[in-house]
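Here's the structure, in structure tokens; my notes come after.
For clarity, chains are labelled A, B and C in written order, and residue numbers in each chain start from 1.
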């Protein structure tokens, strides 16, 4: 159910991009109970100048290796679950992909359960 | 007012992509009363490996022909309207574009009416 | 904290795209108090036919110079702040980038404060 968009600057291989997707997905599975097979992601690499990031906002030093992760998911996660998710994404991308934790930017967008269809035109998660 | 993002793998022609956009728009018009001229869409085709989907989640068999449809729209649609929208998107993409219904993934993101400007810097739908 | 996606048709230079990003950011800073260094944007240029817009919806005449601006930001802005933001985006893109105000399409997506991490896996804005 999560729909994950990962945006980076060009320079990573397709395999490295796939590893970013793997890492974000593992964080979702480990921290907020997303099923392992519930994986839908768009991985996009942008030319120089087309992914804009501040190199220092909140005194966090970012580099062109920055990874923007936008996750659309169903409502219902607690503050603690969200904190755990943020932490796991940064930790796993560092451990598995060599991403600096400072370079991991995350945004969650929450929607109602009936706002998903996984195929066949049915809202499988609707109440 | 809906802003529709359609993401697929490379392989469809621009005409086939346009037909996907046509089909999603027709579903919006027919099921939730979107005006025919209220159409804004971004159609993106991604290289292999950059659109990730589970081939079997919820026992729905997906292929590389998968179509991810993310629709941002105003709050206020009922559960029944959303169900009708999901069904119509899958039905129309199958009938008009030859997309397998299993390959149609849909996500709705809802926002307030004042969160739109259709031009001139005015929030035309604000209360 | 805002995550801004700007989508246009191909034809603008990277410098012109950057100026669009500059303009949207300045509008955010001037109208809703976004810190100047809080800037994260994805600027995408699409081939002909892959950014679809109605040329006349609501009697606003749009051209292929249309600029779709989708801004994900935290909840909490008033109707008046949103109106000011819409107006400023159109005004600044016209003044600084020569964009016709009719060609500026804006959508805001609002999320909870804990739905952001600016690095290091921490939800810096969580309550």
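Throughout what follows, a residue touches a chain if its C-beta (ideal position, glycine included) is under 8 Å from a C-beta of that chain, and two chains touch if they have at least 3 such contacts.
In this text the structure is predicted, and so the values were computed from the model without any measurement.
S.K.: Roughly how big is the turn, in degrees to the nearest 5, that lines up subunit A with subunit B by CA atoms?
M.R.: 120
S.K.: Taking all residue numbers used at the subunit A/subunit C interface, answer same if over half belong to both copies and different if under half do.
M.R.: On the two sides of the subunit C and subunit A interface, the residue numbers are mostly different, under half being shared.
S.K.: Just the number, please: Cα centre separation of subunit A and subunit C in whole Å.
M.R.: Computed value for the inter-centroid distance: 21 Å.
S.K.: Please list all residues of subunit B that touch 2 or more other chains.
M.R.: In subunit B, residues 44, 109 touch at least two other chains, as defined above.
S.K.: Could you pull out which subunit A residues touch subunit B in their complex?
M.R.: Residue positions touching the partner: 3, 14, 17-18, 21, 35, 37-45, 72, 109, 111-112, 114-124, 126-127.
S.K.: Help me check something: in the complex, which residues belonging to subunit A touch subunit C?
M.R.: 7, 44, 46-54, 56-58, 60, 62, 68, 70, 79, 82-83, 86-91, 101-110
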